[in-house]
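Please see the structure below; I have some questions.
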Amino acid sequence: MPTITYAEAIKQALVEEMRRDPSVILYGEDVANFGGIFRITAGLKDMFGDERVFDTPISENALVGGGVGAALTGLRPIVELQFADFLFTAGDEVVLKAGMWRYGHGGAYRIPLVVRCPSGATATGPEHGQCPEAFFMHAPGLKIVSPSNPADAKGLLKSAIRDDNPVLYFEHKLLYATRGEVPEGEDFMVPLGKASIAREGDDLTLVAISAMVPKALKVAERLAGEGHSVEVIDPRSLVPFDRETIIESVKKTGKIVVAEESYKTLGVGAEIGAMLMENALEYLDRPLRRVAIPDVPIPTAAVLEAFVIPNEEKIYQACRELLS
Amino acid sequence: MPTITYAEAIKQALVEEMRRDPSVILYGEDVANFGGIFRITAGLKDMFGDERVFDTPISENALVGGGVGAALTGLRPIVELQFADFLFTAGDEVVLKAGMWRYGHGGAYRIPLVVRCPSGATATGPEHGQCPEAFFMHAPGLKIVSPSNPADAKGLLKSAIRDDNPVLYFEHKLLYATRGEVPEGEDFMVPLGKASIAREGDDLTLVAISAMVPKALKVAERLAGEGHSVEVIDPRSLVPFDRETIIESVKKTGKIVVAEESYKTLGVGAEIGAMLMENALEYLDRPLRRVAIPDVPIPTAAVLEAFVIPNEEKIYQACRELLS
Amino acid sequence: MDNKLKLDIYRKMLLSRRLEERIAELIKAGQVGGFMHAGVGQEALQCAAIATMRPDDYLLYAHRGVAYWVARGIPIEKILCDLAGKEGGTNRGKGGVMRVVYPKLGVLGESGTLGGCFPIAAGAGISIKVKGEDKVVLCFFGDGTSNRGTFHEAVNLSAVRKLPVVFICENNGWAVSMPTERSTAVKDISARAAGYNIPGKTVDGNDPEAVYAAVKEAVDRARKGLGPSLVECKTYRLWGHWVGDPENYRSREEVQKHWRRDPLPRFERKLLDEKVLTDESRAEFEAEARATIDKAVEFMRSQPFPKPETALEDVFSESTAG
Amino acid sequence: MDNKLKLDIYRKMLLSRRLEERIAELIKAGQVGGFMHAGVGQEALQCAAIATMRPDDYLLYAHRGVAYWVARGIPIEKILCDLAGKEGGTNRGKGGVMRVVYPKLGVLGESGTLGGCFPIAAGAGISIKVKGEDKVVLCFFGDGTSNRGTFHEAVNLSAVRKLPVVFICENNGWAVSMPTERSTAVKDISARAAGYNIPGKTVDGNDPEAVYAAVKEAVDRARKGLGPSLVECKTYRLWGHWVGDPENYRSREEVQKHWRRDPLPRFERKLLDEKVLTDESRAEFEAEARATIDKAVEFMRSQPFPKPETALEDVFSESTAG
């Protein structure tokens, strides 16, 4: 299997799906001539022409709402936002239009829309560094994925593009340069709604999301050295959410830590905790531990950012606490 | 104590605070000449003049963002949105501006802004009937209140207006006409961040939010008739959130049901479940039960709406299940 | 405009008016629970503008009135079923009468938040352009709605990409209780076209012929790939904002004055003068409208409410492009 | 414009230019980790426009360059500390150099999302009007940003309520890689004023005197309670979008051409011709700028990083109006 970066994997998925289906288009700010501010889409305009790949004005409402309109009328648009934070700028279009247009009109239309949202803190402050998945998990009608490695990045994006529903695709900026094996062939897909067990273990369940997955794997390795067997679960897709895999794991381990780059209150860990309390209370022998941002906006200075963003040490400490 | 409606209580708070402090202003669509589409602000323009109470264009971004600007420069604006759903239309202004401007600028400014958000399903469909509190509980920097009765409506609004931070004030449309005793005197305030024990009990903790509180009280009464003692807790303020009162109650009852008009996934009940799992796991002897909207948008037809909105029967069933 | 078209527009205006009168009765009598923003007084522009459309064009209508649907040819029993939240409508009770939808005729639906339609219209325009079709999109909106930021973003995007969208402003003088001159900084909303370098025109919205001509020109332009236009139709909201509005914010005199400009009798008189319409054919149209509505009301009454558990359907499509 | 003012503007332009050159060096040398959108080439308009302000007026600047702060009189060591995320800046490391703030001089801060400033500017205008003050608000934004919906909402609101806001567009030809003519449907962004019935003017943004005159007129108007204006300053972004931009989207020739119109040497030549500036005073200003910057860099280097746990502070204010 070839080893490529997460960024290359995203691009491969875009190219393959645009080749396969002429109704797939891609637009956003600086995606065509510049190739995207994170350089994901470089060359696509030359491959697919300037009707299918184009630059837009700085108009996030029109971009996302336009995606809904294009999807209603037979295209499969992929909208690139420059930063996931700008989902709020298009709040109405994301939550009420993409999420609810189909339902409000009795299922008369499908909305095969993908919004690509670069996420994650990189010392650029409160409005350019969020992982806002949890906000949108609460919104009915939106699917949400957050791949943690190149293979999933590719496979989930292909599934998202072919899905007939709106999908928010969160690509973590700090993962772009990470490398991994990605199966060859246009048929490689990762289904939405299926968690991956990134590492098996028996003593503790560690659910990690997006950029927290590589960190969680290192923590598991370290804990293995100390004699603890940690199971690392990567949900990959947050809506639909594979509750079963987590429940099964917790039935085995009795302990759960969730590591995420969301704000703690009503982050993904809240839902995981609550659903375990509903479905597996009798198996839980230790309290929930959530490793997340402590309910503050993301500060810009690196030293402050490092204090609030979960890292290996914090994940390790949370696990240790439950294992002791 | 005089008995007044929830709507009158809101108006009393507005009038008292505007009398007390000339920096309090109120604006929104149809609030001045018409008196507000729910008639809360009728007469205020005549009392305070058309600089302090005025009608605006249909421009929710400018309304909420304008509130931030007015707050930064020394006013205490109260912005009325016609429906809580329109918070999404001003997503950037609510989450990134109101919530994060102070933090991002190192605390240089205070933002004493109140956004009044009429919430709740009244057969007007997916975009005019939500209780979107939980979305915004995840956002750092915003305070959130959801009063369930006239006294709290008045006391919390007065606290919100005097608070030096942005507060989203959710007023449930179906509560406007409900009556209750409200203490006299301009000094009556209800502090943000303190839950109310609406009814004491020993067998089960029933947390209910906003319009669910009167329903929960009826359920508790019915269950009392069946020999069960239910404690009903009304958080009133969702940020800051009084975790202690709930934890103490659950330590006593060992059982928890949360009733709310949010979508279930990552609704308020998720946070309550997770924080109990963190802080009171050993006291929980039955699974969590969340009575909420089953992750679908709110349909318009009354018969469909009734199927998804929590009612007494659903709350009763959830409690019975745990009590059996 | 030939006589056939004139009569067609007249009939649709009449049917729309009678249908709204009936709906108001049903609501006041508590026979349907729906919520209705009546369009009485605005039927001329709605029917005339929609008469310019081809069956395969796209429509994004505004929240006011039934005439868009009547003009587009959606069966009125379906409209009534949507109003009543019953089966047999267009949206299975999910959206009520504010989300009438009809894919067969390109009726894309309605945004509950005002101004939500602008970006969607631009997006439909993107589709048309990408596919190389010669369809157009008509996007209606009120004077108040013209102040939403989405207007600016979508019109600019449509202009820079030359999307085939015609933006039609129904300036009816009011947005709930807010008179246009206090909500909107410019006298003629069509003046905003200058900010996007596109054609902008203001016409008498109570004159179907003027509206037809202006919208037709814009539609032709769009169809040729020359980009969007803005057409403002000056009209008046003769009824309250919604059925039940206390209307404490405007004078009876003002409303009376505008009733004298009611487009329906005005067009009727004109067609009678031109002998396009006769007293007999007029009476026939009235009878036809009444019969159609009676039948539709009966159908609506006979329809069941949707099964409660269908509330859980229609969130996601199960299909994929797989 | 009197000589004193000319010299003052020149000095601030020069200091801004030298400061950005130094910042670029520091960033390229990896000595500070900050992120910077340089304003090289746009100092004339920024300094001249801000020269019209009274100390108690409000400023909402855009994301490009240091000249706004230099012109407003914020000590440059504070700017450098913000850039470096150190103590001694204006925002305690919370916002970096993109959120310089200075309440003493009405500098309200910066929105991370483009266009977030428009409603805030209108809101500051509401404050002024409610309190009956005669302050004004200056709100800067780029050509690309003029396509955000918030522009439309805030300008319209300001116009209908006659708020004292001057909207200043810095049309520098580009928005990252997007040339203005492809992002913005209109040639002169000032033409958008017609949509709000307010004055709109386009001036040479590289000519400080022209900018000063136009902005002064708008400021005076606003101060008198006559409402908002839109002033477009045509200029050019001489450097990349950010320090490190590959600039693969525009030709060297285009950029070269614009360097020949660089406002700094141009204004310098003019002032030398007018004998307002001499070779000696010019050399003095240069030396002064260098000394000021050297000292500020030293100060910045000497400052500590904030304590990590202060990340938890500044979310909420503890005070109330109680």
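A, B, C and D are the chain letters, set down in written order, and residue numbers restart from 1 in every chain.
Here is the rule we use: contacts are C-beta pairs under 8 Å (C-beta built on N, C-alpha and C of every residue); 3 or more make two chains touch, one makes a residue touch a chain.
What you are looking at is a predicted structure, and each value in this text was computed from that prediction instead of being measured.
Novice: Minimal path length between chain B and chain C through chains that touch?
Specialist: 1
Novice: Taking each chain's centre as the mean of its CA atoms, which one is most distant from chain B?
Specialist: Greatest centre separation from chain B goes to chain D.
Novice: When the C-alpha atoms of chain B and chain D are each averaged to a single point, how far apart are the two points in Å?
Specialist: Each chain's C-alpha centroid was found; their separation is 40 Å.
Novice: Quick one: chain A and chain D, Cα centre-to-centre, how many Å?
Specialist: Result: the chain centres lie 36 Å from each other.
Novice: Suppose each chain is reduced to the average of its Cα coordinates; what separation in Å results between chain A and chain B?
Specialist: Centre separation, chain A to chain B: 30 Å.
Novice: Could you tell me which residues belong to chain C and also touch two or more other chains?
Specialist: Correct list: 93-95, 99, 111-113, 147-150, 153, 156-157, 160, 182-184, 315.
Novice: Mind pulling the residue numbers of chain B that touch at least two other chains?
Specialist: Within chain B, residues 56-57, 59, 61-62, 85-86, 88-89, 92, 96, 103-104, 125-127, 140-141, 295-297, 299-300 contact more than one other chain.
Novice: Chain contact topology under the given definition, line, ring, star, complete or other?
Specialist: complete
Novice: Which chain A residues qualify as touching chain B in the complex?
Specialist: 85-92, 94-96, 99-100, 103-104, 125-127, 134-135, 137-141, 239, 241, 262-263, 265-267, 269-274, 276-279, 281, 284, 286-290, 293, 295-297, 299-300
Novice: How about chain D: which of its residues touch chain B in the complex?
Specialist: Interface residues on chain D, with respect to chain B: 58, 89-95, 99, 101-103, 108-109, 111-113, 116, 118-131, 149-150, 153-154, 156-157, 160-161, 313-322.
Novice: Over in the complex, which chain B residues touch chain D? Could you list them?
Specialist: By the definition above, chain B touches chain D via 21, 25, 27, 51-52, 54, 56-57, 59, 61-77, 92-93, 96-97, 101-112, 140-141, 143, 161-165.
Novice: Give the list of chain B residues in touch with chain C in this complex.
Specialist: 29-30, 33-35, 37, 55-62, 85-86, 88-89, 123-128, 294-297, 299-308
Novice: Tell me, which parts of chain D touch chain A in their complex?
Specialist: The contact residues of chain D facing chain A are 33, 35, 85-86, 93-96, 98-99, 111-115, 144-145, 147-149, 175-178, 182-184, 248-249, 305-306, 308-312, 315.
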